[in-house]
């Protein structure tokens, strides 16, 4: 992986954005590793992501930021620039299912998922051994009792997330509905994997519903979490073929592979600043 | 294609069905080209499809049927046997979209779709030239006016279907909602292609809905028509990948390929007696 | 389809290319509809494709070209700019198989393939009726006899291509090996569909070889033709699942769908100036 | 998973095989859970696989075997029957890559891969910790030195395999060429995952070759090992889409997912007696 700065911008569309930004980068000696743009016709918003080779730049990151700010202001940009070597901190929330978590942790260990995992939190003890084998702190936060008790549990989770300075929260089949205030507190930071091809089979028991409907493909959906259940911006989806020979348990088993794969891909897009949100949709600069 | 009889059976599950049927076939010298079974655990129904090489049989089709009847009765079978060389008669209903119809007619002409197409009926004149080039009768049945006028149009269509002795009706993007009595009159004989991955985006304008939801895959669904719109037993589905670069028109264009492919595959299953209906699902012996 | 100019460039990679080009476009009022870049690390070449909205530009195409020339020279660019409404002229060469040709012609007729088809040439009469129904000139150029006779046939084909000012030649399952001088005369203008997943099963009878090898997926490959058989730069590939139930004829039938789809996609990339060649590979700005 | 006996048979094709076998099963009260057949036209061999519900049978497994033997002899059958609850013993051979092994062991632990793993053997220490965490014996057998030294290493591996009574050997990216005598000693028991879509890119460095050829899909192939490198009967294959943006390292990373998935699927077919070998091909009763 080349050392780069990733500059991510969105702003109202108008003539000259690319010219101005790329001229700014060139003026500071910057060599482009990647550059992607999207002008959304519906919203007249412009999205761009640029990877700049660090070794080519004549200025450092703070200097880049302070010089770029007036440029950005001219175009009314929402923007950020991030060092590709600065690891994001991903807190993972799991339940009793292990497949997504095991898949992510193995990718992390083998260097295929570039991030830190400061903690794993679960409402069960099931995954403790695995998490600790990977050398990460594990926290057991039960999810029991009435609404007030659950709310307290989410407060505890938020404390852990903040304590570990996590900037991303992955729901690796967490199976709990998040309170609205939790969702808004970590807006665009929470990534969920839903075990259906949304918008089919929203809510609980999607494989059961898929089995009963007799669909010929089942799928999984990775999306940013909003307070509208299973309705957040979709980052990635994929499917696998099924038929009359597969019963409900087969669907669950086959679905696991798709879930793990789709979640890993969606998280990768997020960590590499490739997933930008526009309204309830995403722009994915893959 | 080898000349075969296709014996299709469903009945309550119990011990000895396969033994009895295959013994019956062997006793008459029959060599099996294919044999497929499915026992549905939910309904305790047994489904089977057997292809018997005609040249190996010592009896003809009527004799087979009369000898097999008492066997079938013993097991309370619903069954039929069909000569693979006996062409099914497929009436096609189209509207202004040509892609599914053009695809089917080309497959028919090149011998990849083994059936007769006794007539094509449309509420527009758009496809007349194409249909007549292929040498088939074309009928224009307008779909205008109030419910009564539309009902009369469907009466006219039913007359044409019956006049041409069609045993299968393909809605090749027909875009009209069929009256309930029409659906029940031709139960399990009408095949529709819906331009979404059902149960996502039921009803009108699925590509618009898919675009607005920001899904990363769009699909098509081939299903038997029941009087419950887009809820009939699914025969085949497939998907294609899309992203933020594709606008609504791109989705329509990309979807056409999937629709044509899925409809052709679904129709093939039907024509080869590979699609059996159980409740609101299908068993596909592919 | 928005009216755009497509500016396609490749040149040695260095700092400032995007800045200079996009500044040039912005200075002339140009609004970007799409912009894609690729820096190839192996060859240190830079590739870019930009779509500029015509209505936003303050200058016309000849003026753009004359003003851009000195900019391009500075960077030692190979470049071209094309009006999206200027239809490319695609001559199609076919043999006895109709599936790819029928697919392309139907897409052309329904407006999904934006080009002119000035002529279709075949060494058989098989497709004449179909071609003439679509209203295109059809030429029968037999491919018989010894090498000299075949060479004369290709001379005749070249005359027809030039007479019709075709800028693109599609081999829609043409099944003839092109002479080296023909290949170099129309370098990067000839698009072939090979009925295997290259580099598997190069040469004749790929489905037979696939059947004998027992592969579980068969495929098709669309590539630019060079004088090295089946070795040209790959534009697009896709596959379909097969198994022991499919015999050789089934593979041929299933392969037809993939061939038609892959050829149509590859040709679309070419016509929209999305396929750039680097060495023996392609950059596809999809 | 229902408790079943899996009866797997192949023999010369002739009339009456299914009838005789299914009559035998029915006579002993056996209820069929699955039944699949294939008559290979090229070799005139008949293949069948039947799952019989244990609770329905009036006889036990040894009695079934002794009674079935004369029936089998009549048809010159090669056959076996296996208790679905009898776990196969799968020895795994690995090298430094962990992705396939980690994937298989996690599936094993979560109950999705029904087998015992009596030992894991590697020529490196890399995977020791992981294997021991799963509670399995790990053996380090270095692969160094000349041909004689390597042959001795394979002797050591064979001893371990036999000591642990393994009946299946999985090469989970083992990366060593097996000696011919080792291959024949464990004929049809060794399953390999090759990191290309065979027959493309046989031998070493397939991702490098794929990158240089510029293919648009890369794949993986699970096959039985014969002494002809990468030429054994293919059990399963799959692919993933790539393009000019992916460099060699990306291909390696993306390929890992396909490799793990294809190997797990191929092994599952083997363990459930769904993969039958005919010549250099397989019949997969999925």
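Structure notes:
Which chain is which? They are A, B, C and D, in the order written, and residues in each are numbered from 1.
Keep in mind that, in the parts below, a contact is a pair of C-beta atoms (placed from the backbone, for glycine too) under 8 Å apart; a residue touches a chain by one contact, two chains touch by 3 or more.
All values reported here derive from a predicted model rather than from experimental measurement.
Taking the mean Cα position of each chain as its centre, B sits at the greatest distance from chain A. Looking at A-C and B-C side by side, the one with more C-beta contacts is A-C. Chain B and chain C have Cα centroids lying 36 Å from one another.
Put simply, the C-alpha centre of chain C and that of chain D have 41 angstrom between them. Residue positions 34, 245, 286 of chain D are each in touch with at least two other chains.
Taken together, the chain A residues at the contact with chain D in this complex read 34, 98-99, 102-103, 106, 109-110, 112, 133, 245, 253, 256-257, 261, 286. Contacts from chain D toward chain B in the complex involve residues 13-16, 18-20, 22-23, 25-27, 29-37, 39, 56. Only residues 38, 40-41, 197-201, 212-217, 219, 233-239, 243-245, 247, 280-284, 286 of chain D touch chain C when the two sit together in their complex.
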